[in-house]
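Per-chain residue numbering starts at 1, and chain names A, B, C, D, E, F and G are given in the order in which the chains are listed.
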């Protein structure tokens, strides 16, 4: 048992133990016990930092299903370390926070169980080298987040949000799985590292682009990229610690992780570049633009998260250019986008985590998150206000907070890219910085909204009545730790760069010779350049827009309500349900005749279709046995009787005619030299007829068929086709004489089985097994008839009985 | 012509005779006016036909193959005994199920006993299709 | 003869199919009865007709007609009988409980 | 030695008949039937392992060498299915003990179940095509009785349809057999394979194979599944579970056998048709599952989706896909049985089958609820549960063969599966609990045991897929190389 | 009566043992049976009953009667079928018999049914009144009643 | 007027022996001539049904108090049992053995386990046939 | 010659069957049909006898007796059905 697997497994083990603890411990203790796990894991992981910084990687393989190359291969490198530190670090803070946030009346054991499951799953995602195992953990994050979102499942909105997130993320996961399978088909391995090593072999494969798109689909759904972001705002129904953990720091970053992880594989493709950059930028814009119109603090943060994820995503897209270009001194500068992405990823986790916790406090203490009902909280929630203002300014990209640094780097990256002359960037390249900038303006606006609408202005009277207090220390501590990081990182960014980001850069660009070159020196202050001017512009325009929000916010009404993405999603779901229902109801009518029609039509279409398409028909009556006159009469008798059944008006007539047919069949058995058959047929036919008569006591007389002429004609046509199919194939079969029958063997029955009646020796010896089972069939039928008659439903018996 | 051959011919002719009788009785089944009269055709002519035929077959097998078929004899006996019973039962059933006698029938001494009415021919129940109550 | 039988079988099948496609349970069950008649003849026919003597070693020296299809038909007859018996009882039980022998009326709606 | 092969069929039959004599001794019936199924399970497992060491086993009944007599053939594929079927039946019996009720028990319920499993096992094991028909009929007759047993209005109505459709299907089977015998003049499946290969699977033989396709599709619910939703929602829960787990699977087994062993040579025709049928089945199944507003409908359409998914494996036809199909078959048998037991239990507890009329069940029945959750994930193919490996391998196979449409349909269907079951979970298990703990009906112990055992097996099939790999791989290899099967029958 | 038959069987068996062939033959048994008949005919008066084969002759007579009636009646039916102009007037009449017991009554009924132009339709509850359908009541009624006595006698010969 | 079934019953009393004898004969003759367990059973079963038709359920049941379900079950057990017997002799399932025994008086006779098997078949057929007919007739 | 006569006889029996079939279909009453069916059975007996001669086999002679038995049972069953609506009565003297 090595450490890496222990890291992944510990949360699961703990999750499994929770029900035990839950019974033994006081309810408020459970959180503290759980807290041990992330904290110790975090500490453990920090010990990896110096070693990984030196360029070491750790990998171990544990066999799971080696037969199909599904092995549990852990892989710790710079990239996975960043994420794992976030997962355990933010995880610790969130659990600490939740101890105070959640009442002991809540089913805490469920909560912590889900949370630990989730944590383990996330660790699994980032530590797995095997695609299938990665996928397994990936889906587990969806599942555990589903449970967390639905934690308050008695609320309708919680359930709806959970369902939406699960549906969308699992769909993405399934697509990603297909992408992984395609990768496997191309490379023959599930190991990401091996695929990276074989990149030359697979990059020309036809499946390469589809695989790329499918993997991206997975990443985009998970990371809430446009247009799949719609699940994230709804997921805010989860308890706030969950939002803060899943929807800011961890789960949504899984998509980012995936994109970063796959950049070495797909990074050289134009499709990759444009898709990620484009989708990222659209998301960035759309998220920030929509955040402004929200009135729920959590919703603002949700859209803000969407937007920030878009930002990080677009940076990864921009950074992928470097993979395409390959290593050279000029191209290294493009890797900085990726550096910025990773940097912003950490920054975002810090300030967004803090902000969510801040909202949680507001919600917890005031009882609402609606900014229309909030205001003036600065006075009563001073610490919370501090968190809010630092978090928001960092998010808005203002100094002296870490967000400023990464935002500047983002601007650098979007500006740099316009100078490239590949992938047709020159055509619309200028749009990239423009969109980035516009989005940043909106970001600034909603940051102002959060701070001012909540904390500034005057308090609403109903809030005053409640006489709210500042949150307890335990709830303030985690956000303050995060805020502390926000500031610390601003002042010591290069420590982060050196120890944490640098090794990760090597993971993204394994072909680049040195990480040193890809690790820029981050400085808070540099000379006045375009980036700084852009930031200034953001601030100025942002303030103006905030001032005049009332006037221009009307543009949101331009978007018709029924055409929002959410509405479309709902419409697609409901209409697909409704259409499915109407189609299904239409053909699954419950009417047996319809089912028979389907069956017969399929029979004719498929069998006769094949028969005709393959041109299999042959007819050669020369080998036929001669037809005697009396046989001809018998044939006519049968046809006459058969057709007469169709027109018979009384059930007795039909049964008698059937008996005539049966007897005629028996006579054919006589003519065709089958004495045993003739005997059996005679008796069975008689007994069957008797059975009909006996049962008629309980049945009604025939009524004329009340079908329309059309139905009758179509049934008639079907019948003729079915009959013709049998006849035509039969005619061909009769002529088929490529093989001699095995039955000549049975003609030696006397010597082999001691019987002179060949048919009987077949039944009693050669194929006695059939006979044995046929007897069983008969027995079942007899017993069944008995049971069916004796076991009648009791009067008034509703089908409750199981 | 040996005895054997004569017997063979006897057999064959018996069979042919039977077949002719059978066709006649079939015609009777079509032609006769009501179920009772038809039952006469069935329980007599048809039975006679089959007995002739079976007897012919019996003789044929005996003469040609030297094969004395007990089964044929049993068959003859069986048909012989059972066919009048069948005729009796069907007529009874028909009568009890109100199947009318043919038009132009004479006296009916059973009707008053069974249905308590006058001994007049032809109850008016329509028996076109089935006789279930 | 084989061709003639095939045509007869086709006609039987067509009639049976038409019956099976009707709405009345008795007609449908009769249809299945006709189907089995047809298929029994079919099995016999594909083995070749009148190609030899009755498959009894005591009766002839051969060649014999193909005995295997005969054995198969025997099994099929028994099974068909067993099924028919059960089917008939099921039909009348259904009729008695549901009060209808019309399959269209026996559709049953999912929301009942 | 090889006589062991017949025991999975003959032991249930003999026990069933013995139980008829013990009509009124219900407890004795329960004990005996359970021990019997346990024995069959253990025995199948032993046989499966013997097959690994000794290769394909065969039992020539009465000692008549193939192709003249009937024989049972145990290859890994057949034995895996026999084992799974026996496991499912054993566990389902546990459920039955506590739920089925005395009236059924006195009306030979256990004998009929045993006959059913005998027919199912026989179908898997037989190496003779006509005997397959007979085994089918044993299974079908038992199923006819089981579905109608109880005499409810709806039950009889749907049973009648079920029986009638199956009678017509059996007729088609006989027609196909007639044509098959008329052409290749033999009944032994290996011998048929040899002769079909000798004739190069000419157009007529391909037509005959398509006829078999229709026949088995009717049983499997491939495209021709119309009978399924109605008939699977009327019998007692445990019967539904057995049906869902076993009946369609026998059809699937027959399809796979037919088109890998006997008619593998015109795949461009046959497998294309199978592929189209599987695709349409999946689409229709998904629409049904989406349209469903009650738990039975959703569950039954999930069966249909499963059928389509497994047969993608066959349509694709690569060894990987076949391996996946076998894994998925095992999974599907276990998970569908559990699903139907759970759905039935929901109905038992609430008296409702409409999703929206139930709410918050998980509060009073936590284990029940979580087991539903697990089976939902397993059916959606979420790792590491039972559906995953099969799904992945079928996907791999589809990619290898370039069957992208089937790939897309298959994988998209797992989302619909999840969605449809999630709807039940969210609406019925989650949500406000309306009934207090005291007022809620207790779930019988036996039912709980069956749930838990099924859940364990689902987790085991997923997590412990490796321990099955040796069997499944061998099964797939045999399917893909029919000569192994043929040689085992005809040479030696 | 039955004792005589058993004795006859015993004699045949005895004969079989006396002949003592390597394998017992059926023909030997028959020979023994015929020998037994001879012995019994000689001895039957000692038993105080009729010779049992006498009954056999009566039975044979009855059977021949049956056959005769059958032939006659089927010809009469055929005549009616083949000559369309022939006027018939069907009807039902009763006949009360002296016969008792199910075997006697049944035999008579069967005989009557085989008689030209008549079918027994009902037997009264008491079992002694026959309701007979006649193809042509005027013709049949008389002929039936005429021959009925002959039948009754023949039957009683056998049964009593 | 009540129905007097005297004719029918009397005749049936006579012919039932022919039918039953024929059934037994067919059962035994199957190995070398047409017949066998199945058809033999059917004829015997039909004979029983004839009795039920001629008389009525109660009367026949009084004289033949069998549970025909169990008769059928016994048949299945006999058929499967004769098949399973071979397992204990290490022969393949269903193996039939046959020998020629020389009996006193009857002479050399061909005896085979097939006969046991066929007896099982016959009993099942009889049992099932009668069960079906009786069950339906008893239904109301 | 004998062959021809036999064939002729067989054809005549078949014709008879075909004629009687008319009565089965047309009825008009159930007893008519029952009689007709009985007659068909009886004619089949004859036909089988002739076919046995033509095929020179005794294999079908059982069929003759069986057919006789069945025709008898069938007719009884029918007449009871016509007369009483049931074939097997539960209690005597109903």
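General remarks:
Note that in this section contacts are C-beta pairs under 8 Å (C-beta built on N, C-alpha and C of every residue); 3 or more make two chains touch, one makes a residue touch a chain.
Composition by chain, UniProt nomenclature: A = Na+/H+ antiporter subunit A; B = Na+/H+ antiporter subunit G; C = Na(+)/H(+) antiporter subunit C; D = Na+/H+ antiporter subunit D; E = Na+/H+ antiporter subunit E; F = Na(+)/H(+) antiporter subunit B; G = Na(+)/H(+) antiporter subunit F1.
From a predicted model like this one, the values you see are computed outputs, not experimental measurements.
Touch-path distance (fewest steps) from chain A to chain E is 2. Most remote chain with respect to chain E, judged by CA-atom centres, is A. Two chain pairs, C-G and E-F, are compared here, and E-F has more C-beta pairs in contact (counted per touch definition above).
Taking the mean of all protein Cα atoms as the centre, the chain whose own Cα mean lies nearest is D. Chain centres here are Cα averages; for chain C and chain D they lie 28 Å apart. Centre-to-centre separation between chain D and chain F, using Cα means, comes to 37 Å.
One inter-chain figure worth recording: chain A and chain G are separated by 70 Å, centre to centre, where each centre is the mean of the chain's CA atoms.
Counting partner chains per residue, chain E shows two or more touched chains at residues 109-110, 120, 122, 124. Contacts with at least two other chains are made by residues 20, 25, 28, 42, 45-47, 53-54, 56-58, 68, 74-75, 78-79, 82-83, 85-86, 89-91, 93, 97, 103, 106, 108, 110 of chain C.
Multi-chain contact residues of chain G (touching two or more other chains): 10, 13, 15, 17, 27, 30, 55, 57-60, 62-63, 65-66, 69-70, 72-73, 76-78, 80, 83, 85-88. Against chain F, the residues of chain D that register as touching in their complex are 2-3, 5-6, 10, 13-14, 17-18, 20-21, 59-63.
Chain contact summary for the complex, chain E toward chain F: residues 23-24, 102-103, 105-106, 109-110, 120, 122-125, 127. By the touch criterion stated above, chain G contacts chain B in their complex at residues 2, 5-6, 8-10, 12-13, 15-17, 19-20, 22-23, 27-32, 34-36, 38-39, 42-43, 45-46, 49-50, 52-53, 56, 58, 61-62, 64-65, 68-69, 71-72, 75-76, 78-80, 82-83, 85. Residues 56-58, 74, 78, 82, 85, 89 of chain C are the ones touching chain F in the complex. If you check the complex, the residues on chain A that touch chain C are 585, 589-593, 596-597, 600, 619, 621, 623-627, 631-632, 635, 638-639, 642-643, 645-646, 651, 654-655, 658, 661-662, 665, 668-669, 671-677, 680-681, 684, 687-688, 691-692, 695, 698-700, 702-703, 705-707, 715-716, 718-720, 722-724, 726-727, 730-731, 733-734, 741-743, 746-747, 749-750, 756-759, 762-763, 766-767, 770-771, 774, 777-778, 780-782, 784-785, 788-789, 792-793.
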